[in-house]
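What follows are several structures.
Shared between the two complexes below is chain A, which pairs with chain B and chain C, respectively.
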Partner chain A sequence: MPYLSQAERDYITEGVQSDLRADGRGRLDYRALVLETGIISQANGSARVRLGDGTDVLVGVKVEIDQVEPDADNVGKVVCNVECSPSASQQFEGHGADDLNNELTQALQRVLGGPQCGINFEKLCIIKGQQCWIVYIDAMILDYSGNVLDTIFMATKAALFNTRIPKTQIQDLGDGEFEFEVLDDVEDAERLDGIENIPIGVTLNKIGTGHIIDASPLEELCTEAKLTIAVNKDSQICGIQKGAEGGIEPGLMSEMIQTAKRIGQSLIQQLDQKLQDEEQQVDEKRLNGENIEKLGFFAMV
Partner chain B sequence: MDRKRVNGPELSVVPVEEHTEEKQILDSKERRLDGRGIDDIRPIFMKSGLISQANGSTYMEFGNAKVVCAVYGPRQMKKPSFTGKGVLNCEIKFATFSCKKRRAFQRDAQEKEFSQILVQALTPAVRLDLLPKSSIDVYVNVLENDGTSSTLAAAISAASVALADAGIEMYDQVAASSIAYVQNKILMDPSALEEESEDGSLVVSYMPSLNEITHILQNGNTESAIANKAVEQCIDACSKIYSVMSTVLLQSLDTSDK
Partner chain C sequence: MDVQILSPEAPSKSNSHKNQNAMDVDGGDVQLVMPGETITSDLQFMRGHGTYLDSESTVISSVAGVVERVNKLISVRALKARYTGEIGDIVVGRITEVAPKRWKVNVNGRQDAILMLSAISLPGGIQRRKNEEDELQMRKFFAEGDMVAAEVQAFFVDGAIGLHTRGHQFSKLRNGSLVVVPSALVQRCKSHFHLLPCGVHLVLGLNGYIWVSKPVIGNPESTDEADIERTYSNKNDIIDDAERESIARVCNCLRALARKFMHINDTIIIYTYEASLKYPVKDLLKKDVVDSITSEASHKLTME
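For the complex of A and B:
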């Protein structure tokens, strides 16, 4: 864990106070990000987000068929996992990232595992009481430069937009017995139902008396408390979680929630627009028989 | 037909399922199953100093939820290393028989997360700057779980009292309370049964004298107006729980004088 000297701490705290940060941003400015979907051919959906000059998150979505849970036999489910790759930071080596992995996994699972996720879980069920699709969302942190949780949420939304689930054909064998077949045709694969409702997370870091979004690693070190708020496109709140080891006054907290809602809305709008644009471009190229070039991993623009 | 095996009868019928009536969480007068109103919290029992070996301890009952908390320390860190501030370690463990489904002996992902939440909720209150090079260990054992979010809230409140009982300097006590969102209503301090039909939940831990929220965890989607109202209700409940916690601490001082 890198240490921060008192002078550095004061520099950042006073900068936040006067709405100017070390990299020239204001309190509520996001860094530029690079987003690309469909970069892993083995996965049902994938996306990579690189935020600023550092944080790099890769999300792969795999769907698998499994037995339904006995107490919820008409729904499928979403299972999330986050892993910090040891290549990203020395401190992630061995068991060093266990706590962080667990915190991020639970935060993602809490938002995406329930009805607030927006995905129609009933459509994931293939045969009631028997089989369903399980959507495995695996996020990998390849490089670390602050604000990972927001980046994971964004990459996950993009990867789920990119995900296609194979079509199934159900045959009625009579006597209430059914059998199904998975159709191999890629063209037949369907998008998940309700992806437009998937929330994203906005993390606000409280430094001094101000709060900032999209903190850099040094800013994260002097964060007293952080608040991650998940919002969806209808500006509903889909989850709140406090992190770091400080307190927040109730008045400041409701102010932070309002800020997060506003920023989340504009982020979702821009993200959806970009995802649609990208898909349109890829479809056009495919129709014209052109080669689809991807930026690939670790690329910066 | 397979003659080597004992085959089932040729004719069989679908078993008759008894039609179970869905239990209503709220009756017409907005009374809950256990007779509480929607804003009422369950009765609390708390006693500190019951574990003889620990520096500080609490036993807490919150309705049917039962939580034991023991605090050891401040003591030298297990791995000697220099830290300017003390380190607060928290471990929460659900007993294998505490929940509807049996829990494993090994700590699972939820228990690890709750441990982390406990650290985040208590750290703002503890004066770790006075305890360099030392660690405080907080062990919470859940004997019975009656609503996961209210049990987490009970664990936070109990741990706070146990820390004070251990004589560790703190800015304030941390009280925690929970609510459940059920059909656009806010149910205070939900039990396990009510939690089954919840749309979402909220746990808030709060320091009443400092007016500071030390942790917040919300699950499920709501309009922000409802969320704001829920936070306010939790803060009110925290103040009520706070008075119980203070009384318990005062009582423990009375008995230790004798």
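For the complex of A and C:
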């Protein structure tokens, strides 16, 4: 467990109070992001997001065919998993990351596992009562410098935007029997339905009497309480999770939720714009027959 | 709220591959090598740290770093490595553990450094042996998490660094924040304590930990009651917004220099600070601003 001295704690708290944090940002300033999608060729969709000069998240989406659960009403499902690489931080070595892995997996699953995530789960069903698609979302934390959960949400949204599901062709064999075939053609693969409604998370850290977004590791250490709010593009709330030990006053709580809604919506707009621009560039290159070069891990840090 | 969302950049094509098997370290050019890269296949050279020999006695690098040669001995100094101390080094560390008669200090080394109770100075510069009473209230001097500036005094048998904080310039650190840079970037200088013209105090730890703060007022050597209390105080002085902004600006300048992998000393910090003045502090985190201020500073440095 990393420590922080009393003097540093006071310095950071006062900084939040006077709207000038240790790195010169205001309370509601985000660090720059670096984003790239489609870097894992074996996955159906992938994205890597880096935040500031630290936090690095890689998300891969893989779709698989499985049996429909007997008591579920002909729907597919989303299964999330988050894992922290032991090389990301000293505190993740050995079993050090187990709790955090669980916490992050749960947080992601709670938002994306239900109808609030906007994905049309019925469309994931291939044959009623029999087979459906399962969307596996795997996130890996490659480097840690604060605000991981928000970064995971953004990377997940980007990876799902990038995801293509193969088309299926159903054959009616009569007697209520069906069979289907997965079409291999990449051109035929289509996007998940409802992708534009996927929410992102905005974590607000309460330090002193103020609250900040995009906390650095040192700021996370002096956080009294934090609230992660999942917001979609229409600034509807899709989930709230509270973290850390401290309490939040009711007045401050509603203020934090309002802030999260505003910031979430603006973040989604900018993220969507970036994703569309990137896709457009790739499409243009494909049309011109140019080589599409993904940098992936060869990118400059 | 605006957020910068960028695309990754391709690494710049380097021209370091001009000498594959040749050995021209003396040319003044820095030779950067990757693990597994052949440094030389000339039989006359000996292998040093960071290298190994293959069956045909070619010297191959085992780390990513800079090739260094002393006569016939070739070694590679890693770009990213833990701090290995040398006696007399000024370091900045964080107390991780209070143990019997000693503190363990994180100095970014392979193992925690050790600060003995007998190696600290008492408030007010009183000269006496530390007794049992001092041992019982060690947390009054340093508690877990506290930042401290210290000097490397000795090495223990297991290779752990032994520190001391005797002398008025070494103390518990407060009034500011920590910036961590690669330890290879901090050069040994005459002094590692600097008061910049902008009124910001710096402790350049050779281990890559840099403490940026508002200078502590009062004479640390005085025996005045208030000054004695101040030595091991945890309370910050009152820092106004302008001072806070200067501290943040210096911190961001240091981060910018570290990002460009430039050597850090007081001169370059002042130049970078001056170049940064035309930007708001939070813009110093942006890549193009980082490029502009660091190139301006290094240009100024070469002009001298």
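Convention: the second predicted complex is superposed on the first by the 296 of 301 C-alpha atoms of A that agree within 3 Å, B and C clash if a C-alpha of one lies under 4 Å from a C-alpha of the other, contacts with A are read in each partner's own complex, and residues count from 1 in each chain.
The rule is simple: contacts are C-beta pairs under 8 Å (C-beta built on N, C-alpha and C of every residue); 3 or more make two chains touch, one makes a residue touch a chain.
Just so it is clear, the structure is predicted and the values come from calculations on it, not from any experiment.
Colleague: Which of the two, chain B or chain C, is in touch with more residues of chain A?
Modeller: Of chain B and chain C, the partner in contact with more residues of chain A is C.
Colleague: Of the partners chain B and chain C, which touch A:86 in the superposed model: first, second, both, neither?
Modeller: neither
Colleague: When the two structures are overlaid on chain A, which partner does A:99 contact: first (chain B), second (chain C), both, or neither?
Modeller: first
Colleague: Between chain B (first) and chain C (second), which does A:295 come into contact with in this model arrangement: first, second, both, or neither?
Modeller: second
Colleague: Contacts for A:11 in the overlay, against chain B (first) and chain C (second): which applies, first, second, both or neither?
Modeller: A:11 sits against chain C, while chain B stays out of touch.
Colleague: According to the stated criteria, A:28 is in contact with first (chain B), second (chain C), both, or neither; which is it?
Modeller: After superposing on A, A:28 lies in contact with chain C but is clear of chain B.
Colleague: Regarding the shared-chain residue A:270, is it in contact with chain B (first), chain C (second), both, or neither?
Modeller: Second partner only.
Colleague: Taking the superposition as given, does A:278 touch the first partner, chain B, the second, chain C, both, or neither?
Modeller: In the superposition, A:278 touches chain C alone.
Colleague: Under the definition above, what is the set of chain C residues touching chain A in their complex?
Modeller: Spelled out, the residues of chain C in touch with chain A are 1-12, 94-96, 143-147, 172-178, 234-236, 239, 241, 244-245, 247-249, 251-252, 255, 259, 280-282, 284-287.
Colleague: Looking at the complex, which residues from chain B come into contact with chain A?
Modeller: Against chain A, chain B makes touches at 109-110, 112-113, 116, 119-120, 123-124, 199-200, 202, 206-207, 210-224, 227-228, 231-232, 235.
Colleague: Which residues of chain A touch chain B once you look at their complex with the stated criterion?
Modeller: For this pair, the touching residues of chain A are 99, 102-103, 105-106, 110, 114-116, 199, 225, 227, 232, 235-250, 253-254, 257-258, 261.
Colleague: Spell out the part of chain A that touches chain C in their complex, as residue ranges.
Modeller: My answer: residues 3-8, 10-12, 14-15, 18, 20-26, 28-36, 48, 50, 52-53, 218, 262-263, 266-267, 270-271, 274, 278, 295, 298-300.
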